[in-house]
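In this document, chain identifiers A, B, C and D correspond to the written order of the chains, with residue numbering beginning at 1 in each.
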């Protein structure tokens, strides 16, 4: 028995020696990336999950794309014309567009792709309400005919975030929108290596050598998508600490979403760069359920609005003021529709006002069920802050902790809070999803058809409709301002502050990391 | 003292100390003995007398941290062992001195084949090659009269009978021709027939190999069979030593005398027969078949008893004798309904109880009481003995005070101090505990008392007292008694009638005196013929 | 023997059936809704309803159960809600890392725990014994993820001896494979070593009091032989039993270790599936784990008859 | 019975006889033996301190452990709060630093002692209570035995952590759910232990004697069988306490433990794990308390086992 010990030690020493001798992986041309989650669903139309959207940007291409100034540029489209009555749009595709299997991209592919997206996405559905007809003129040209003028046609087709109108082959796009697609051919800059996909672990994309990028320089998803590495590998690393350690040790190249609290670890490392690629950031949302007391009473909703403040939310979750901003604009500070109108109330807590409003409304002390998620890092701390502030404002609260997936399921329940429903939850939206009142789901006040919380306000719906029909940018902005004021009056939801999360990457190896609301992997070169 | 060449072992003035805090300072004190070659010295004594400690001291196998030899000397062929190094002792073991133990089952490594266990001795102590070793092992196995040595060589201990296992132990001990063999109660765990064979074997081998034997036993029957000389131990000292004839016939020391006269005689006591008394217990074709296995196991069944027809009258003792596995205990447990018989009928007076349900049985419980073999496990160690005694009566509604008063009476009856009712069982000796069990049984005022090997675990002096007690009680209370035993001597002393069981069946049934005088069944005759010390009459001392 | 094998295998069926039923009902009672997860964070109520319909989650629970069981009887474990892949395929992808982790852990454990257990028993009551037992108690006291973080910090980040995370298949070469397995295995084996060392010590200590050990001494065998050939061999049955019970412990440890070291094994698949309410995957994985557990205990029963000739089936 | 044990009895019997003069002395001797056992003394003392901490939590210079203070998040131990604390006191010192919500880690750890001990003790209590009843029934009622043991096999076959995850997500996270979730997988082990004791005790002659004097089954179990399970169950109970506290920590790590609002060592660590390298205090302090407690409980258990029933280790 004793004799085993030296052998064990020797073996251990040999392993250690071997370990020390093995040099770090040789500089290869595979970009190793840790994304914020793992890729589950490979159909970016079927689900709104961000990982599926990110996947879509790798594999598919879009007709239009938004640049860093939120201006829309053609991407697959070479040129388009709008008829004088603003009812007919004629699009011409770029020459040389091809699917991964080599066959050309034609109008016959584009039309069903738009239709499938249009049946699923909220902005797409709005667009489709206006579309009378779509028809192919020839292989590269197709027409879209509207019933009446609509201001957001190209904006919709350039929608930067979920669901993005990706163009798929006709046969794939024919899949009913209620079913997931089962073929993974696209025309984008990367090819999905389905053979080497290890669900829940790694996703591998290889460079599409036949992809013909535009000649313009890239800005967000617009411009030339030039792939400079051979492959991109997405690793799913559940433990943030492990991901950060891995980046410091050079085992991976890029972390899409390092938790803000861990940034100090990376800031000290000269080989690692932190870059806020999405200058508009993201926005916390404080959502109330309009169906049940006490938040069926607008005064009590206003009281809640008066109790909370953006700073507390962001300080508790983000911490470093360099990465958050108090912002009264519901459509994101720095965007085209940004305005402060009517929204000062969210900047500061006014507990006296809240108590007064509660008094007037005759609040009976019904506890507010706050759903707190416990496993999404950036959201974990919002619940306790909301609880603390609401209580200071005179509310009685019941903070219920649950994992995010339970929360997602529970927020869809319309039952009374005591029977499995809820009163308040908090989430976060990437700025690109809420740049206008049509794409931003929170403003939908269409009662049953509204997003979870089911606000019901005819005036709001009227304003949103007017916004959609308005084609003049200046007037659109005016309507948006009114929408914001109305949203604050009826309290569809509150914006909990704007925050930023940089990507972290190995600056000693990578060059050309692009800005954008989404992590794009073209234009990056690896040493 | 004889010459060194003829002396295997000399022990003089050996004293072994007990750990501090015990009520006795020494486990053994000033032991003097010697074992010559070709001689068998029997070391006799009751439990706790220190005979095992003596044997283990010689082998150097005393538990290190508990017992230490503090004085005296142990010489093996003249070599002093008390100060020998551990390595030297190890070299001597099995080459010059060997030891065999009481339980051959536990003394053999269960996961190693018998051949290998013998082989280990040769591997450790000789430089013989594999072939020579195997030959030697087969030879010694032949010598200890094991059937089919080649097969047994690769068999595991559990596949052998008790006697065969002890033969393997003996083979292991003698394979290297030691000068000294220490046998620590080697036949106590064996049935009487096997015991006789093993004793004969030891005697035979010892003569052929010129081995000196230190034979430890508590059984004077065995002493009479095998010993050349005898040493009697009491409380860690040797009180008397001499030739067998001398010690058995002309003992000096009162303790020796007491011990020897306690050995029950094989000649049945004369007893009045009570043919006219009413029948208390009657069984008809009582049968018990154990079946094992359940839903997912194959069924195996063992017939433990069948066609048992016995009856006991009031005031009469029926003995069931037989070797282990004969089914005698099964019959007792069936009658007490501790197990449910699979066939036949049991009548207590005229009530059939073999088939009644557990609930109905409860009302019959008090009529049949049982006293078990192991006095250390028969009383709940966590309850005061008084509580154990009054438990039964109180189950049947007797008020506590009344039950306690009765318990005090019973304590007197079983010759214990009535004030001891509030003590715990561990404060009593084995014999006292057995009395307590009897008191507990009597508290129920039973019609039938079953004694299941009730005196087998007791030292011979205590055994005699308890046997007397049982007999007195039977007479005083006019009880019917069922007495289960493997010991013919005990049976001869307490039984009016006898049933001899073998392989689950009653092979002979009748008056005890008649059976002892004229055993008619072949098995009974065989059983009687091997009873150790049958040619001796113990306790009839000659005076010079 | 053959009959025994068949009966034992048959006996596992009701156990697995019960596990299957239990897990199925448990999951159907959990409040999560896979449809809501599938629809994504921005999914609308309409989208969720549509997905529920497609997945058959609108059907009454007994109907769902019937469908699942009848598929199960045909060997079809179903399809993951998320990956649109057969659960069987998903599980097969994840088997290697977990099995590799379990085996290296087991090897490390046995190589360390059994010797120190035997030594502790042999020298029982000494400071050596106390040290060993002290360590083993400590091993029970620290949560596995803390052990993991500390080992990573020390051996991966400070001494740079091992990578921080990740897994390489055996097919990629033995060295990279084992190199990435060592830290996680050590992490996982800490509690396991503690357990096995204790049991080894206790069993050997008990065996050392047996008669045949005295016989072995009486035969003049050297202590080493007595300890290994006689004592350890006889103590093997309880040790092996505890190794079997420890498999359950291992499974729970695997869940955490795989998270900390980012090993794409079954443990992580399970946590992901539970948190995502991927019913078919959860059901299948728990069934597989239970099956493995039952199987291992079955194998252990079989090894009994090799370790101890008295045990025959 | 082995005959070596005769030799042992020959000596041990003498040792025992001296130590136990009468009934009182016997009871005393258990206590004395316990008092002489180092593990019991050290483990018991440490446990007593922890219990005291749990009971006295509000008086140990703590503040409301749920009080958040976003402006004072992630402070290292020893940071002094300038200005007024939430409860109006001045110059608060964060002895163990703060967490990501600015809650006082010291107060959370101290109050966490309460919850962690409650989890450990209630899991042990519950699983022993249920296990005892089920185990006794299983050991004594033959026809139920097969069924009960198959059910226990099934429960044991489901990996405990997975069962706990599933159970915790079954109803909303809360102390009671977590306790239940940890209890269920622990229980079969108790059942098996109790059953094995019952099976061996029911063969004891004194139990058979009690049957033959007509003692009814419930009384038989309580009077003659139950006392034999006390020592093993006390020992097993200590192990369950330790393992329950650890499992709670792991559940928190996986995000399905006790809601973060109620502080336990487990969820303080689980929340602190992200910042382990920057602010190790949120792992370190609760980890220390956890390790000390588990260590103490284990030592206590080992000591109790050695004193009460040395052969027990293998059975568990």
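A few comments on the model shown:
To be clear about the criterion, a contact is a pair of C-beta atoms (placed from the backbone, for glycine too) under 8 Å apart; a residue touches a chain by one contact, two chains touch by 3 or more.
Computed from a predicted structure; not experimentally measured.
Two chain pairs, C-D and B-C, are weighed by contacting C-beta pairs, with C-D ahead.
Averaging C-alpha coordinates per chain and comparing to chain C, the farthest chain turns out to be B. Averaging C-alpha coordinates per chain places the centre of chain C 23 Å away from that of chain D.
Taking each chain's centre as the average of its CA atoms, chain B and chain C sit 49 Å apart.
Between the Cα centres of chain A and chain C there is a gap of 38 Å. The distance from the centre of chain B to the centre of chain D, each centre being the mean of the chain's C-alpha atoms, comes to 46 Å. Residues of chain B in contact with at least two other chains: 101, 103, 106-107, 295. Shown for chain C are the residues in touch with two or more other chains, namely 31-32, 149, 210-211, 214, 259, 271, 275.
Residue positions of chain D touching 2 or more other chains: 2-4, 8, 169, 172, 255, 273, 276-277.
Contacts from chain D toward chain C in the complex involve residues 2-4, 8, 150-151, 153-154, 156-162, 165-167, 169-172, 242-243, 246-247, 249-250, 253-255, 266, 269, 273, 276-277, 283, 287, 290-291, 294-295, 298-299, 302, 311, 313-314.
Taken together, the chain C residues at the contact with chain D in this complex read 14-16, 18-19, 22-23, 26-27, 29-32, 133, 137-138, 140-146, 149, 153, 198-199, 202-203, 206, 209-211, 214, 238, 248, 251-252, 255-256, 259, 270-271, 274-275, 282, 285-286, 289-290, 293-294.
Within the complex formed with chain D, the residues of chain B that make contact are 18-19, 21-24, 27, 47-48, 50, 52-53, 56, 63, 66-67, 101-103, 106-107, 184-185, 189, 294-295, 336-338, 362, 365-366, 368-370, 372-374, 377-380, 382-384, 388, 391-392, 395-396, 422-424, 426-427, 437, 440, 443-444.
Across the interface of their complex, chain B is touched by residues 1-4, 6-8, 10-11, 13-20, 22-23, 26, 146, 204-206, 208-216, 219, 223-224, 227 of chain D. Contact residues of chain A toward chain D in the complex are 240-241, 245, 259, 261-262, 264-265, 311-312, 315-316, 319, 372, 374-375, 377, 380-381, 384-385, 388, 399-403, 406.
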